Amino acid sequence: MAPEEICIILKQEFGDAVADTVLSARRPYAVIAIDRWRDVAAFLRDDGRMRFNMLQCITSLDLVKENKLAAVYDLFSVPVVGVGPCAVLRHHFAVRVEVDRDNPHLPTVSHIWPAADWHEREAFDLMGIVFDGHSDLTRILCPDDWVGHPLRKDYEFPLEYHGIPANTEHEINSPRH
Amino acid sequence: MIEQRQTKNSFLIVGLVLAACASSASAQYPTPENRPARAAESELNAEESVVTSTVAPNSAVEAALFYLFGGTLLVSALGVCVTKSVVRMATWLFGALGAAAVLYFLMGAAFLGAIQLIVYAGGTLILIVFGVMLTSKSPWVRFDCPRIEMWAAGGVVGVLFVALTTLLIGTQWPTLSAAAHPATIAEFGKELLTTYLVPFEVGSVLLLVVMIGAAHLARQEN
Amino acid sequence: MTQLSVPWRPRAKQQHGPMAALVAGFAKALYATFAPLVRAFPGPLLIGAIVTVIVGVWANYLVFEFVDTALVAADTNVVAETGLFGGLLAITEVRAGLIAAGVPGAGTLCYLLYPLQYGLVRDVIGAGGLLGFISVIPLYVIWWERKVAGRIQSRTGPMRVGGWHGWSQSMADGIKLICKEDLCPADADRPLFKLAPYLAFVPAILAFFALPFGTYWVFREVDVALVFILAMLGIEVLGVILAGWASNNKWSVYGAMREACQMVSYEIPMGMALLIPIMAVGTLSLTELGDTQSGGWTSWIVFRNPFTFVAAIAYYIASLANCKRAPFDLPESESELVAGFHTEYSGFRWSLFFFGEYAAMFVVSGLCVILFFGAWYSPLPMSLAESWGLGDSLIARAIKGLLFAGPLWFVGKCVFLLYVQIWIRWTLPRIRIDQVLYACIQVLLPLMMVVLMGHTLYELFVPTHGLVWSIFNIILSLIGAVAVLGMIFIATYGFWNRVGLVGSLGVETLPGS
Amino acid sequence: MSIGLLHYLILSAGVLCCGLFVMMTKRNAIGILIGIELVLNSVNINFIAFDRYRAGGGMDGQIAALFVIVLAAAEAAVAVAICMNLYKNINTIDVDRGDALHG
Amino acid sequence: MSEIALETRPDPLAGTDKSEQGDVRTEEMLVNMGPQHPATHGVLRIVLRTDGELVLEAVPHIGYLHRCAEKIGENLAPYQYIPYTDRMDYLAGMNNNQAFAIAIERLAGVEVPLRAQYIRVMFAELNRIASHLVAFGTYGLDMGAFTPFLYAFREREMILDLFESACGARLTYSYITIGGVTDDLPDRFLEVLDEFMDYFEPKIDEYNQLLSFNQIFVKRTADVGVISAEDAVRWALTGPVLRASGVNWDLRKSTPYEIYDRFDFDIPIGLPGGSEGVPRAVVVGDSWNRHIVKVWEMRQSCRIIRQAMEQMPEGPHIAAKTKNLKLPDDEIYIEIENPRGQLGFYVRGDGTQIPSRVKVRGPSFCNISVLNHIGSGCLLADIPAIVGSIDIVMGECDR
């Protein structure tokens, strides 16, 4: 199914919850409002026309200009033998959910797609988006006591971590090269 | 409360053992004169063995080895007493078992010595250490015993030892020369399957029962 | 150069103990002396060394035998009365005996031979020789394992140390290990941690003292040799368990538990497999067991009847498990348990475990050879040697030793079985613990029970010298011959058709050229 | 000096006393088992010593010792199994804690 | 916020039989497997809750090799970022280069010459073979078989020799770059490659004999760590792990990128035990299938390479303008089939040369997240079997 059709169906089903659809871009996506996102997600997974059974990736974005953070969900429909006739759809689609940059709270979808578990942890770790309802929202790549969320545009790298100097070139008068 | 009971138990055990020891030690040990029929036989054996035995060590060496390994045995046994960690106790026990096996060799019971090593040191001891590993919370399990109880037990055991030693020294033991019959395995097997056939079979059945029972006990739910 | 301020404290330079320094110095001197020689004449030196060892050992044996003869000639009861301190003959008598035997140089020789009538002296010499052998065996089995593994894996294995195919690699490794720091984890049970390697090492050594290398080539002839050796192999486990426990490391404890499970269960089928030759021959003495197989390779116990054949294979499998060799190397399985029971060990203590393991490998192979594969007898029957009428001269005995029977054959067969162990290790993956126990308790044990019963019935009811016997014997012998030849063929085929070493597809043109 | 029966008997008395002491003072079930093993060993030394130093043929003492070893192995197996059962039920192998009959 | 009814995490013991629970019960123990452990293929740390040899829970912890690859991508022009991509999955550098190159090409609208595409596909498939050889060898190592490892590395060396002849590097190639490949093929390259293919293809059978169909190996891996097709899709597992679960899904076939639609090849998927060439004990989605799918894929890669060699056109090897590309104010997300699964690159431009966001979807990252789900209730020795069969590279997992 083409992205246009998916957007039309989503608009039919959820109306205003589909805040925006970007179809002209190289990679079409729909922007979904936060409050309906979980319903949309469940619909995308379970509806016979959608069957997005595989959540490939959650990309967190720092939209500084709009003072927003965003999470982009890339969904695939993968044929699974023996899971109904609709399971042979081979389309993919992206959904973007935007949150306020100062208070970034998103509902989790890790119960819908277990794959979201670690992606959400990563988005939390590196971008600071809090996924409400996530069972174990801890840092995944950075150490547990790390300060700040490195992928934000205003992030400043610390000069020292537990006594280990970072940015060693500037700190130590050792010959370079 | 607990201590009292424990101490009482100790006294009970010691009393029983003392009584048993005393009764057996005061009994008249059968001397060669009491059993003339066997005596002749043994003399015959002894004469033969002087010629054929190649293992009979000379008495000074035997004494040296006895003191060496007897000492090891005693030290190890004392080590078991004073150690608190169970695995270390098992290690001391290994020393005791090994020394005892050497003493068996020294007394000409080579088969028993080997069996002692293979069954006790190779089997039972490993079982014990295994049991410790399976049932220990922290690596070093210690269950401390109240000091009073230690002293009480030590006193009781000391008294027992003194009593036993006195009794042993006081008894008239028959003195037979060191060159007794060297037990060959063939004889051993023959005895086991003729005179001692019933105990032998009972023993094997017992082992079977134990095997099943132990497996059942360890597996049991709840 | 500016000092980098690091949050960790730089470690003080490690101090070697005087003993380690001494050993290292000695080894260095040894190496400096011999390495150039070996580099110059690798082949002749190696062959020369082997010949020297064989001749030396044999000469030693002949001297002992000679003294015995002389003593017996002087007094028939002498052997019996010779205790650890009690020598009976005076020097004059020895000299007289020598002169009577027509030995040249009796005047000086008698002084050399005189001490040999003391049991203690002979024991010390014998124990020294045996210890030398035991310490060389693991070194060379390790070296050989590395060479074989290299060949199997299209590598070369050690090539540098010592010159010729890295012949002294193991010695270099040993010296390195001795000089390494003897680490003990802070929370370990120190005394047990330090004791455990010896508990694993010493029993393996003790087992050699009852292991005969030939009819008279045994340190202590005891009639319970077999049980004794089994006991020693069993005690070795205790060291491993204590090591795992005392390390206070969870992986070590896992290794120890696995070891305990595996050993205790595999000792049973192993013992049962060993019972079969014992029943067939009727003795526990390894020397007697070996001597019944002197009639050529068809008289080997493995070919005695179908049940002994199965028992030999079962024993070999159980023995692999008993000395922790692949595919039963669970106690130290590096991909699961880091290094199992010896995770925390380093240096000398670590190497003790390996000494013990390789010594035990030799011992179980030796048992297998003695009990099933004709002990120290060659495939040719001894009767052939007698029919040649060689007599009893030195040369005749040398010919007999090389062609018919002798420690060389024993060691050779052991080395072949060791080779098979190595071969298996570098070919097969590792079994899982539940499969190990399943294989033991539900496969090997019932099999051995059936075999034991079958063997008993066979021995009782099938005539040992009849048509049936001959047919079985011939069939089994052929199977065995085919198996051995097949192994040799496969090995040779693999060797000749080996693929070139890594990187054979050389790059000729680099970018930009 | 020559070693006689008495030496072995005194030695075994010493080991016996050590074993009893262990049985009395250790709270750990496996510790008590170790004490029992010591006692059994002292018994075995007695048996074998009597077998060696007594007059008369036969090897009754050795065979008795063999049976003792067999029984000790059996007893140890059962005892360790009981310890594990105890541990499963009351989560310790302290014998004083196993006084209730609800196990 | 927690009024949302969530699926509870699976009970670690739910999968095990009741009789197993009643077996000899010992102390529960927390064991740290890694980050320094021989079986964790780098710096993966798995916290195991065990009862004796039984694993009740296996929680993977990652991040020990985090090198801020995504942050670096926000500060470099794409052609400068290419060398960082092959350091992510260092066993499949070519494929990583290719993925990022394709993402930038699609975003910036760069046309790639046909010859360059053929060379790319050829090298990507060669690298797939090399990567699967490592996976094969190290899996043998995890199972305690040391020899297949060295055989696999011997063959891999030859592939690396070929790579070296083409680009001078043996591990981090940066060969596939934006708009094509950095250099044209060296002289005689195709001849040598042909020689290698002739040598290599029969070797696959040898490996199978030595390891894959070895009874012990089959016993160790069959029916171990079974992932059902539904689970595999729910956890977004990709690559051989997904296909071993019986899902016929390969981006080279389903959404062909580059010129994969010009080749004739099959997608090997996991087969149930008893099918042709499959041992009886095997179950779809178990470790053995995950292993064998990789071996079968090597054969398919050989087919693709042979076809690419035949069809290799003449022409330029790189597009005219590849540097100083202005990235439009737009975004792209592409995925390609890496040896380990689907490697995704999200790139967002903002009108300058430097992307404003680069996101990497690492297949190892997603694949290893399923470990706790399948690893609970198995034996300790099965954990290396599962981790090894999932075939992770921590460099790409942690990025």
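Chains: A, B, C, D and E, in written order; residue numbering restarts at 1 for each.
Here is the rule we go by: a residue touches a chain if its C-beta (ideal position, glycine included) is under 8 Å from a C-beta of that chain, and two chains touch if they have at least 3 such contacts.
Only a predicted model underlies this, so the values are computations on that prediction, with no experimental measurement involved.
Among the other chains, A has the CA centre that is most remote from the centre of chain B.
With centres defined by CA atoms alone, the chain at the far end from chain C is A. Chain C has the Cα centre that lies closest to the mean of all protein Cα atoms in view.
Distance from the chain B centre to the chain E centre is 63 Å, each centre being the mean of its Cα atoms. If you average the CA atoms of chain C and of chain E, the two centres end up 45 Å from each other. We define each chain's centre as the mean of its Cα atoms; on that basis chain B and chain C are separated by 34 Å. Each chain gets a centre from the mean of its Cα atoms; for chain D and chain E, those two points are 61 Å apart.
In chain A, there is no position where the chain touches two or more neighbouring chains simultaneously. Within chain B, residues 111, 115, 123, 127, 130, 132, 134-135, 137, 218 each touch two or more of the remaining chains.
Shared interface positions of chain D, i.e. residues touching 2 or more other chains, are given as 84, 88. Residues 1-2, 4, 6-7, 9, 62-63, 66, 68, 70-71, 74, 106-107, 229-230, 233-236, 238, 242, 246-249, 254-255, 330-333, 335, 342, 344, 346, 348, 357, 359, 361, 365-366, 369-370, 373, 398-399 of chain E touch chain A in their complex. Chain E contributes residues 29, 31, 37-39, 52-53, 140-147, 150-151, 153-154, 157-158, 161-162, 164-168, 183, 186-189, 192, 195-196, 199, 210-211, 214, 216-217, 219-220, 379-384 to its touches with chain C in the complex. Here chain A touches chain E in the complex through residues 25-27, 38, 53-57, 59-62, 72, 74, 78-83, 90, 92, 94, 105, 107-108, 110-111, 113-115, 117-119, 122, 126, 132-133, 135, 139-143, 150-151, going by the rule given at the top. Residues of chain B that touch chain C in their complex: 50-54, 56-58, 60-61, 85, 87-88, 91, 94, 110-111, 113-115, 117-118, 121-123, 125-127, 129-130, 132-133, 139-140, 184-185.
Chain contact summary for the complex, chain C toward chain B: residues 77, 79-80, 83-86, 187, 189, 191-192, 195, 199, 222-224, 227-228, 230-235, 237-238, 241-242, 245-246, 248, 253, 256-257, 260, 263-264, 267, 283-284.
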